[in-house]
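Shared between the two complexes below is subunit A, which pairs with subunit B and subunit C, respectively.
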Partner chain A sequence: MKPMSKIVRTVAASIGWFVFVFGIYVIVHGHLTPGGGFQGGAVMATGVALLIVAYGGWGAERCVGKERLPVFESAGLLTFIILAFGGACLGITFFFNFLANKGGLFGDKLPLGINPGIFNSAGVIPLMNMGVGMEVLAGISLILFAMFYGTKRVREGRCLVDNEEKEEDV
Partner chain B sequence: MSWTEHAPILIIAAPLLVSFAIPLLEKIDYRVRNAAAVLSLAFSVWMVLIVLHKIWGSGPVVYVFGAKSAFLPLPSGFKFPVRIMLEIDNMSAFMALSGSIAAMVGVIYSWAFVREEEGGLGKYYSLFLLMAVGMLGMELTGDAFNFFVFLEIASIASFGLIAYRREDPASIEASFKYMIVSTIGAIFVLVAIGFLYGRYDALNMAYIAKHMRIGIVERIAFVLLMVSLAMKAGAVPMHMWVSDAYGRAPAAVTATLVSVSQASLYGLFRVMFSMFGVTMNNHFGGWMLIIFGLLSMFIGVTMAIVQKDIKRLMAYHAISQTGYMLLGVGVGLAVLDNPVALRSYGLAAMTGGIFHIMNHAMYKGLLFLTAGAIFYRLRTFNLNEMGGLARKMKYTTIYFIIGAAAIAGLPPFNGFASKLMIYESVYKFNPLLSVVAMVVSILTLASFVKVFHSAFLGPEISKTRDVREVPKSMVIGMGIMAVICILFGLFPGMVVKYLAGPAAVSLANQTGYISSVIGGGM
Partner chain C sequence: MKLGVKIAIVLLLFSFLLMGLGFMHKYGVPLKSDMDDYFINHAQKETATNNVVTSIVFDYRGFDTLGEASVLFTAVLGVVMIFREAGKK
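== the complex of A and B ==
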């Protein structure tokens, strides 16, 4: 994939941030609004897709830091499972919501009846959403990069030229 | 309360945790990664034994996720189970024992079998553990939707593992074929569970079983579940993926994949006995299992005889042996509503069929591992390019003899014990079925004599001149399975008394399964 024109790259650079911020919004409000870890992570990964289209695969790879993605993926999954183990370690049950209604982090008690949504509630669920969000962002980004490596130009070694082109262009 | 209270979930959670941690552990050292994978599955085996001990003491174990107490299926005054739970009776624990041992052996064997320079080993071990998690989850869960989730985990992990040797286009093809077939099957399962959810507003298998009223929706769900799970178990006429997938996956994966298919077989039995049971027409269900079983036995073995590829040959035998389990348990299902017949031969047939599940996981796993050992040294599966290996690979030869004798049903190996139980009890139900089973057993023996002769006997050929014995981890892995084959063959009475017999009784006892979750109260 060749980097696209300067106009496209500039627009992508400014819009990309909005995509990422919106993805983070969907993840951290997962316990209050529609969405959650998976959906938000997928939204953020579309930001990576935007970078790949605008800057070409190699440019996006440098920008995102691809070698960090597997670590990110693993860290997200570990967050999830360690939070699940937390309940068992406290002697209650696996997946027990040990932070809910205890005060502190995500521990506010919810009032009965209609309320506008209290962000600091729901215990481990928002934290698990964040773990899933990290995992999905890294996983889908890796899939996108794998698709990029599968394109004909990369396989035939022609894509290295794009890299040079980009260097002179910038 | 001691920590063993959490043993049921630790069976699944320990390999899951290590599977997620493996990409990080890999950064330390490859030995740390491999040891963590082996230890997590050994831990699972230990936990299964603890749970089994508990079940012998006090009946089925229930573990409720996220509740105030793990043993409270109906928390806070609910009239129906709302939470996800594991429900483990003798049958589930038996399957989990067989599956976790097979997975542990697979990982031990992989240590030397999959070489570092092949690359992607972190992903290999992650997927391997995820496949084990999916398999164990299917066997332990008491929730229909969770069953589907674990089915998908096991399937998706195995797609990746089958295609691990990417340089061989046939393995990509095998993985793709399995992916298509298995995804369609999984969608059938999902639709069937959706139908049941729509009718009963619940996903707990025991709750659905308790309120089962047979109507058109239930019939559709029954047929969809039966067909798709029989397909995943590899029964003829839905067997076309088995020979490719088993034949092309790395041998360590194939040995575990046998157990993963058996988890689907367990799902099939669980659905037919515990969810539908005698409410559905059990003669129809039983005869369907028997017909699947007969077709699998006969077509599997006749296809196997003509093969030249050693792993494809064994894969067709795997289909054929699945037929024995379907036959044995199918006879039990067909007489489920007749207490006299059930006591006189039905339970014995089921015990034989269930005993055969674990025997099959062990000896077929062992055979696939020996095929992998041959491939490790010769880089070929073609029987025509082998010869005289008995001179060079003495452990592999002995293990192959044990595996081949066990699959052919020769005493004193484990296959003999379970096959004899099936012959005797099925003979009382219908003599013809028993005759077919015996003929198939003889053909199996013939086929393995052929393999033994062409691979191990005879003079050494130019290709096998420099062959040595395989590395230690592979010898140990095969050794564990061989020891189990011999022990089960020498003491079949103990196994039937403590493992297979109680498993058959708990499978036939639908009310026991229901009451361990819902209690007698409702």
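== the complex of A and C ==
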């Protein structure tokens, strides 16, 4: 996939940041507004897709850093699982919200009924949202990069050649 | 003759589907809603979350979300395995 024209690249460079910032907003405000980890991660992965389309796969890879993505994905899922085991380690239940209503990190009490929302509330839910958001962002970006490599290989016919060579060797 | 057997199997499965349709709940009559009432009344107090959907997804039904996240992880593993660069050893 070759980079597109200079117009497209400039527009992608200026709009891509807004996509990423909106994705971070959806992830971080998951406990106050509609959205959450999965949705925000998908939005940010859309930004990666925009970069791949505009800059070509190699340019986007230099921009994003493909070696970091598997680490990101595993770290997100591990954050989620460790937070889930936190309640069990305290002796209550699996997936118990052990930070809510306790004060401290994300532990403010919420007035009941209609309220504008307090960001520093909801216990482990925002942290879990961030973990899942990291995982979804890295996972979908990895799928996009993997498909980019696949299309390039298939178009050049390298896949078939490799198989034939292997058969001859055997 | 083979075609007749196939058509018979399809008709049998279709009749099972129609039977299941007969057992469906009547449209327009609400089911018992103890669980929803509990979530709506207690979610804001117990999890300090304004967004009840998120509190269900990440707190009450967190195990389901854990499965979802693992499914995504496994899907990514599979895609990367299929589309890996061939010949790289």
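Note that in this section the second predicted complex is superposed on the first by the 152 of 170 C-alpha atoms of A that agree within 3 Å, B and C clash if a C-alpha of one lies under 4 Å from a C-alpha of the other, contacts with A are read in each partner's own complex, and residues count from 1 in each chain.
Simple rule for what comes next: a residue touches a chain if its C-beta (ideal position, glycine included) is under 8 Å from a C-beta of that chain, and two chains touch if they have at least 3 such contacts.
Keep in mind it's a predicted model, so treat the numbers as computed, not measured.
In the overlay built on the shared chain, the residue A:Pro3 is in contact with neither subunit B nor subunit C. After overlaying the two complexes on the shared chain, residue contacts for A:Gly47 are found with neither subunit B nor subunit C.
Of the two partner chains, neither subunit B nor subunit C is touched by A:Gly59.
In the superposition on chain A, contact is made by A:Leu77 with both subunit B and subunit C. In the superposition on chain A, A:Ala146 makes contact with subunit C only, not with subunit B.
Which of subunit B and subunit C touches more residues of subunit A is settled by the count: it is C.
When the two structures are aligned on the shared chain, A:Leu32 is found in touch with subunit C, with no touch to subunit B.
Once the two complexes are laid over each other on the shared chain, residue contacts for A:Phe94 go to subunit B and to subunit C alike. Touch criterion not met for A:Gly86: it reaches neither subunit B nor subunit C. Judged by the document's definition of touching, subunit A residues 73, 77, 80-81, 84, 94-95, 97 lie at the interface with subunit B and also at the interface with subunit C. The part of subunit A that touches subunit B in the complex is made up of residues 70-71, 73-75, 77-78, 80-82, 84-85, 87-88, 91-97. The touching residues of subunit B, counted against subunit A in their complex, run 1, 6, 9-10, 13, 16-17, 20-24, 63-70. Those residues of subunit C that touch subunit A in the complex are listed here as 44-51, 53-55, 57-59, 62-63, 65-66, 68-70, 72-73, 75-76, 79-80, 82-87.
Partner subunit C is touched in their complex by these residues of subunit A: 30-34, 36, 38, 73, 77, 80-81, 84, 94-95, 97, 100-101, 107-110, 112-113, 115, 117, 121-125, 128-129, 132, 135-136, 139, 142-143, 146-147, 149-150, 153, 158-159, 162-163.
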